[in-house]
Structures are given as C-alpha cells and as structure tokens.
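Both complexes shown next keep subunit A, but they swap its partner, so subunit B is in the first and subunit C is in the second.
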Partner chain A sequence: MFWDKMQKINKYYIYALLVIALVIPMFVPLGLPISITADTRKVYDLMEKIPPGSPILMSFDYTANAVAEMDPMATALLKQAFKRGLKVVLFSQGDQGAVLAQKIGDDLAGKMKKNYGTDYVHLGYKPGGTVVLRRMVEDLWDAAANVDMNGKPLSSFPLMQNIKKITDVKAIVVISNGSPGFVEWLNYVTGPQKMPLFGGTVSVMVPGYMPYVQSGQFAGLLQGSRGTAEYELLIKEPGKAVSAQDSQSLSHLYLVTLLVLGNLGYFLRKKPADGR
Partner chain B sequence: METLGIWAAALVTLAVFSFLYRENPFYRWAEYTMVALAAANGAVVTYHNYVKPTLMTDIVQKGSYSLIIPALLGLLIYTRYFRSMLWLSRIPIAYWVGYGAGYILAYYPATLLKQITSSFFQLNSINNVLLFVGVVATFVYFIFTWNRERYPILGYTASVGRWTMMIAFGTAFGSTVAFRFNLLLGRLQFLLQEWLRVVK
Partner chain C sequence: MRKELPILVSFLFGAVVILAKYISLGPLPELIKVLDKWSIVSGAFAFLFGMINLSLLHGHNVARRKSDYLFSLYFIIVMWAFFFLGLYQTQKGYSYKWIFDNVYTPGTSTMYGMIAFYIATSAYRAFRARTMEATVLLVGAAIVMLGNAPVGAVIWKQFPVISDWLLKIPNTAGMRGILVGVYLGALTTAIRIILGLERGHLGGRG
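On to the complex of A and B.
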C-alpha cells in the first residue's frame, strides 16, 4: 500500500525537496571536506610549469546556459594565469563565449591590476568555425581579421607583436561546454602542431572526454563544478565553486535516495494480476 | 544600471521557472525573447568582428579584391528566397559540404588513430585490465556476422560488452543530472545572493 502511494506521489513535492536540498547549505554550510583529485592537480601543474611572461591562449568556448559551472572555472584558470604573470590571449569559438570572456577578463584584470594590450588581449569571436582555427596556425592576425574584440587593430597592442601564429603561444587552455570546443582545437591545432591542450568542461561532457584524457590528447581536464572547487583550493582562492559543493553533495544524496526508493517501490509494490 | 540588469535577469528566471507549473504566456515571452536576443547578438558580433574589418581592411584598404569572389559565393545562399533562383543557393552549400568532408578526412584519422594506439598498453594494473576487457567486449558486442548460438563465447563476451556500455551510460546519466542540478543551483544562488541578497 505504502509503495503504491509512493508511485503516485505529486511531482511538485519532489521539486520542492530538491530546492530545499540545494538551498539549506547556502544558509547553513556543512563544510564537507573536498579532496584534490589527480586530474585537477595535473591541470594546476601544467599551468605552473609555463614560465612567467609566456603567452597562452584561453578559448572561452561555452554558452550562457553553462555559466553556473563554467564562469567559476574560467575565473579560477585566468586568475592563476594572471597570478603567475602569464600573458593571455582571450578568444572564443562562439559569440556568447566572447561576451562572457570580456566580462571575466576585464573584471579580473581590474582587480589584479593587469593592463589591456600588454598583459592580455581579447580577440573576441571570429566566425568561420574550424577554418579560423586552421588559419591561426599560419597567420593568427589574419584569422582574427587583424582586430580585437572591440575592432581595434592588433598592431596597436605590444602583447601581439610576438604572437603572429598560434604556435607562438605556449599552451591552449579551453573552457568548453560542448561543441565547438576541445575536439576542434585538438583536430586542427594542438594535434597537428603538437601543442599542449588542457582546460575544463561541464560535468555532462566528462565521460565523453575521458578517452582523450586517457590517450594524452588532452593534457589535463577540470571536471565540472567539483573540479573547479578543487582548483580554487589549489590556487588558494576559494570561490563560488567551493561554496556550491555542500549544495551539490546534498542534492546528489537526495537523488540517490530517490533512486533507491524508486527501485524499492518497483520491486515491493503490489504487482497487478498480469504481472507487469 | 546594474540593479536594473539584476532585476531583469531575476524576473526572466522566474518566468522560465513558471513552466514547472504549466505552459504560460510569461514562459513563452521569456523563451521568444531569448531566441531573438541570441540571433541579434550573433548577427551584430559577426558583423563587427569579421564582416566589417574584412571588407574595410582586406578589400578596401589592402586591395585584396579576390576576396569578393567568396563573399559573392556566400551571398548566393540568400537566393533561396526567390523560387526562380533557388538552385543557386545550392552552390555555396555544395562548396561547404565538399570542403568540410575533405577537412574531416584530412584531420580526423590522426585523432582517431591516437585513440586506438592509446588502448594498447601493458596489463599491469586493475584499471588497465578493466579497460582492455571493456574495449574488447564492447567491440565484440557489435559483431553481428557470426552466429552467437554457434559460437557461445561470442555471446558471453557480448554480454560483458553490454554491461560495460550500461555502466558507461549510467556514468553519462549521472553526469547529466549533476550538470542539471548545477544549472538550478546557479540560478538559486543568483536569486538568493545577487537579487534578494538573503545569502552572502
């Protein structure tokens, strides 16, 4: 009888309990421990190994629907790059990513006293998909139509004077929630040019990307909000991802409880006469 | 101005959440507005970041008049709005498909071969053994030319492959749920921290 009732429970109760599970830790932090995984440490080490003053390219290949997971990740990676004195060329394979990159880049640069043109430049979104990436290998300026995100000529930026093609940067750091993203960079740039490619992605993409990590084609991969939280701890800048982990854990516990109850209900309910 | 932006984002978020109750005009308004904004943003960014600088710098200032040919080729796509000239719109599509197919054939094999060679490893750890068994069993699952009743070993191996894939699908499902929860969490953080400011 109990299990039959549970099968017909109003879905709004399930929604409400999920919201409660997510919101409670915001008011009462549980402080659950966050251990650092080897994959996250690898990304951190890759960034640490790049000599200060070297240029890297950060590709913001994510869309507005993934900002909850990707903004903190992009912020943490860019923060470490700026902290280490790396020169950063921002880029995006999508129009939304370019706007998000500008906001994060300018905010962090303001806080960390970095100058546009010497410490970082934002190329923006350049339409053309993989053709643009391929062109970057031969002539990065031409691929970017010779202008930055705001239409200013690249020739006016000191940082760009030594970056004429993609191989002039030490690494490609990609923050992506799908396609175009990592795979395009791998196929057309980092694979043929044998350049390091690392970064992070949303949790939903992680299983699909693991073969690339296992093969070494992605040198390192931050995995969703959890990976970002670990990274924030490594760079000693706990932020949004760390504070979200309690809510994440509680909501996952809630989901596991629902799965167990659902399966118990299926097996223990009163079976209809036809055995279904 | 920032406050206005936060209020707009909060009200649109609530309009989208209202779909949980049922389809309604607020949700539809939010959905249509999002689609319109994305299209408009894409068009403006493309024009200012690529079309305008290419036209002004490369064609007008540098005199690279050969670029007019691909530009005209691209413009042919708009002939689809005129029934009598519709056939012309297939030319840029054919060019693009041919170029894309050639590109993929040139670049993808290198990526895939690396994936295959990376599955050749020493069986010196439990992880490697599991990976090896999973790869082989999954391949066997997709061999349909040999009769599994005649060769029972194929059937057993295929069922291991099936279980391997089921575990992979479970992992993918779990990751998807984690991502969706995170989206909801992001919106709740925004509403409570930035809009209502009841949480620090």
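On to the complex of A and C.
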C-alpha cells in the first residue's frame, strides 16, 4: 500500500526537494573535499608548459544556455593564461560565444591590467564555419577579414604582427558545449598541423569526447563544473565552480536516491492483475 | 535545370576541393583560396536569407490569422528589432548588450536548467531495472553520478575510480564504434551528394 502511494507521488514534491538540495548548500556550505583528477591536472600542466609571452588562441565555442557551467571554466583558463603572461587571441565559432568572450575577456583584462592589442585581441565570430578554420591555416588575417570583432584593422595591433597564420600560436584552447567546437578544430587545424588542442566542455559532452582524449587527439579536457572546480583550486583562485560543488553533491545524491526509491517502489508495489 | 544545375555545381566544386587536397597543380591552390572566400561570404549572406525565410513563414501565419499567430508576430518584431539594434549599435552597444545579458542569457539558461527537473522525475518514475540491459545502464548511471561529485568519494573512495574506468574503457569502446559509423556515413553521404545521387537537400526525394 505504502509503495503504491509512493509510486503516485505528486511530481511537484520531487521538484521542490531538488530545489532544496540545490539551494541549501549555497547558504550552508558542506565543504566537502575536492580531489584533483589526472585529467584536470593535465590541462593545468599543458598551460604551464607554454613559455610566457607566447601566443595562444582561445575559442569560445559555447552558447548562452551553458553560461552557468562554461563561464567559470573560460574565466579560470583565461585567468591562468593572463597570470602566466601569455598573449591571447580570442575567437568564436558561434555568434553568441563571441559576445560571451568579449565580456569575460574585457572583465578579466580590466582586473589583471592587461591591454587590448598587446596582451589580447578578440577576433570575434567570423561566419563561414569550418572554411574559416581551414583558411586560418593559410592566412589567419584573411580568414578574419583583416579586422577584429569591432571592425578595427588587425594591422593596428602589435600582438597580431607575429601571428599571420594559425601555426604561429602555441596551442588552441577550446571551451565548448557541443558543435561547432573541439571536433572542428581537430579535423581542420590541430590534426593536420600537429598542434596541441585542449580545453573544457560541459559534463554531458564528456562521454562523447572520451575517445579523442584517450587517443591523445585532445591533449587535455576539463570535465564540466567538477573539472572547473578542480582547476580553480589548482590556480589558487576558488570561484563559482568550487562553491557549486556542494550543490552538485547533494543534487546527485538526491537523484541516486530517487533512482533507488523508484525501483524499490516498482518491485515492492502490489502488482496489477496483468502482471505489468 | 532547377535540379541539374545545383548537382553540376556540387560536382564541380566538390571535385575541385578534393582534388586540390591531393594535387598542388597549376591554378588549383589559388582557386581553392577564391572558393574559400566565396564560401565565407555566402555563409554571411545565408544569415540574411534565413531571416527573410523565417519572416515569410511567420508572416504567412500572421496574414492567415493561424492559431498562435501572435507568437509569430512577436517573433518577427523581436528578430528584426534586435537585428537593426545590432547594426546600429554593434555588439558593444549598451542596449544590445543589456538585452543579451539580461533577457536572452537568463532565458535560455533557464530553459536548459529545467532539464534537471525532468531528469529528477524520470529518475523516479521511468528509469526501471526491468531488464538486464536497463539494470546495467541504471547502475552505471548511479556510479558515474556519484563519482562525478565530491560526495561520492566521501561515501566510498572507489566511486570516482569506477566512474573513471566506466568513462574511459567501456564508454570509449562504444563511442569509438559509433564515431566510426558516423564518419563513414558522412563520407558516403558527401560522395553521394557530389555525384548527384543524393538529392534530398534539393527539395526532392533522396
């Protein structure tokens, strides 16, 4: 009888408990320890190995619906790049990513006293899909139509004087929540040119990207909010991802509890006559 | 000619691009540069064509007063207003940025976040260990969920280890098979399009 009632529980009770599981840790942090995985450390080490002053390209290939998971990741990666004195070319394969990159880039540059044109340049979004990437291999300026995101000529930026084609940067760092993203960079740029490709993605994309990580085609991959939290700890800048881990812990625990209770109810309830 | 011409264009340009990948002969490298530029420019124009096409489609709904035509009207107004605002102010404009940051981003994030509620109810009501395959999937999902959150290691130190193994060994093996299949399929479709055997994209039957 009890399990029969439990099977018909109002879905709004399930929603309400999920909200509680997500919100409570924001006010009462549990402070659960976050261990650093080998995958996250690999991304950190890759960034650390790039000599200071070298240029890298960061591709903000994510959309606005994923900002909660991706903005902290992009911020942490760019923060480390700036901290190490790397020169950063921002780019996006999507129109939304370009706007998000501008916000994060300008905010961090302001806080870390980095100058536009010498420490970083934002190419923005260039329509044309994978052809733009292919063109970057031959002539990056031409692929970008010779202008940055705001229409200023690339020739006016000291940083761009030594970056004429994509192989002039030391690594491609991609922050992506789907397609276009990592795979396009791999197929058209980093694979043929034998360049390092690493970065991060949302948790839901991780299983799909694992073959590329295992084969070494992606040199390193931050895995969702958990990966970002570990990265924030590595660069000693705990931020939004670290504080979100307690909420993630409780919500995951809640979902597993629902799985167990749902199945217990299914097997222990009074079976209908037709045996379903 | 409505079908023959696009097939001829697809064949010519497809063959030239593939040929240039393997043979660097005569004007081919320069021709590829020109084709790349054409592709980039036509990509930019495709946005405008897309907007005009959507406007015609929804304009038709409004003109015929079809059900929910007010949503179509709202869509047309918002799309063109945001387009002209972007042209006028550029992406750095105050109003453009304000709308993107305070209307579009929270709205789309909320839609994405709502999936969590559906996952919660389906975990309770639908994800049943009815068969052996479903049981394996269910146990695997529970382990990966616990292994991916700090609480998993607190409950049992092996959760992250098993979760990592599941992702890197069985998952990778399965995903590799899927990826090889997908790429072989994409290659076959590309060849069929270039040879004019695949005509679904021209509006007819494939």
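Criterion: the second predicted complex is superposed on the first by the 276 of 276 C-alpha atoms of A that agree within 3 Å, B and C clash if a C-alpha of one lies under 4 Å from a C-alpha of the other, contacts with A are read in each partner's own complex, and residues count from 1 in each chain.
The working rule: contacts are C-beta pairs under 8 Å (C-beta built on N, C-alpha and C of every residue); 3 or more make two chains touch, one makes a residue touch a chain.
Because the structure is a prediction, the values reported are computed rather than measured.
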Task: Which superposed partner A:F27 touches (first subunit B, second subunit C, both, neither) - done: first
Task: subunit B versus subunit C as contact partner of A:Q93, first or second or both or neither - done: neither
- [ ] Name the contact category of A:K103: first (subunit B only), second (subunit C only), both, or neither.
- [x] second
Open item on the list: Going by the contact rule set out at the top, does A:G224 touch subunit B (first), subunit C (second), both, or neither?
Closed with: both
TODO: Check the residue A:P192 against both partner chains and state whether it touches subunit B (first), subunit C (second), both, or neither.
DONE: first
Task: Which superposed partner A:T37 touches (first subunit B, second subunit C, both, neither) - done: second
Open item on the list: For A:K240 in the superposed arrangement: first (subunit B), second (subunit C), both or neither?
Closed with: first
- [ ] For A:S59, decide between first (touching subunit B), second (touching subunit C), both and neither.
- [x] neither
- [ ] With the two complexes superposed on chain A, say which partner A:S176 touches: subunit B (first), subunit C (second), both, or neither.
- [x] neither
- [ ] Kindly list the residues of subunit A that each of subunit B and subunit C touches, one partner per complex.
- [x] 15, 18, 65-68, 98-99, 124, 126-128, 134, 145, 149, 151, 203, 206-208, 211, 214, 224, 248, 251-252, 255
Open item on the list: Quick check: in the complex, which residue numbers of subunit A touch subunit B?
Closed with: 12, 15, 18-19, 22-23, 26-27, 65-69, 95-96, 98-99, 124-128, 130, 134, 145-147, 149, 151, 183, 186-188, 191-192, 202-208, 211-212, 214-217, 224-225, 240, 244, 247-248, 251-252, 255
- [ ] Spell out the residues on subunit B that touch subunit A in their complex, using ranges where they run on.
- [x] 20, 38, 41-42, 45-46, 48-50, 52-54, 57-58, 103, 107-108, 110-111, 114-115, 117-118, 131, 168, 171-172, 175-179, 181-189, 192-193, 199
- [ ] Going by the contact rule at the top, pick out the subunit A residues touching subunit C in the complex.
- [x] 7, 9, 11, 14-15, 18, 32-35, 37, 63-68, 98-99, 102-103, 124, 126-129, 131-132, 134-135, 138, 142-143, 145, 149-151, 203, 206-208, 210-211, 214, 223-224, 226, 245-246, 248-256, 258-263, 266
Task: Touching residues on subunit C, where the partner in the complex is subunit A - done: 33, 36-37, 39-41, 43-44, 46-47, 90-92, 97, 100-101, 104-105, 108-109, 111-113, 116-117, 119-121, 123-125, 127-129, 138, 141-142, 145-146, 148-154, 160, 164, 167-168, 171-172, 175-176, 179
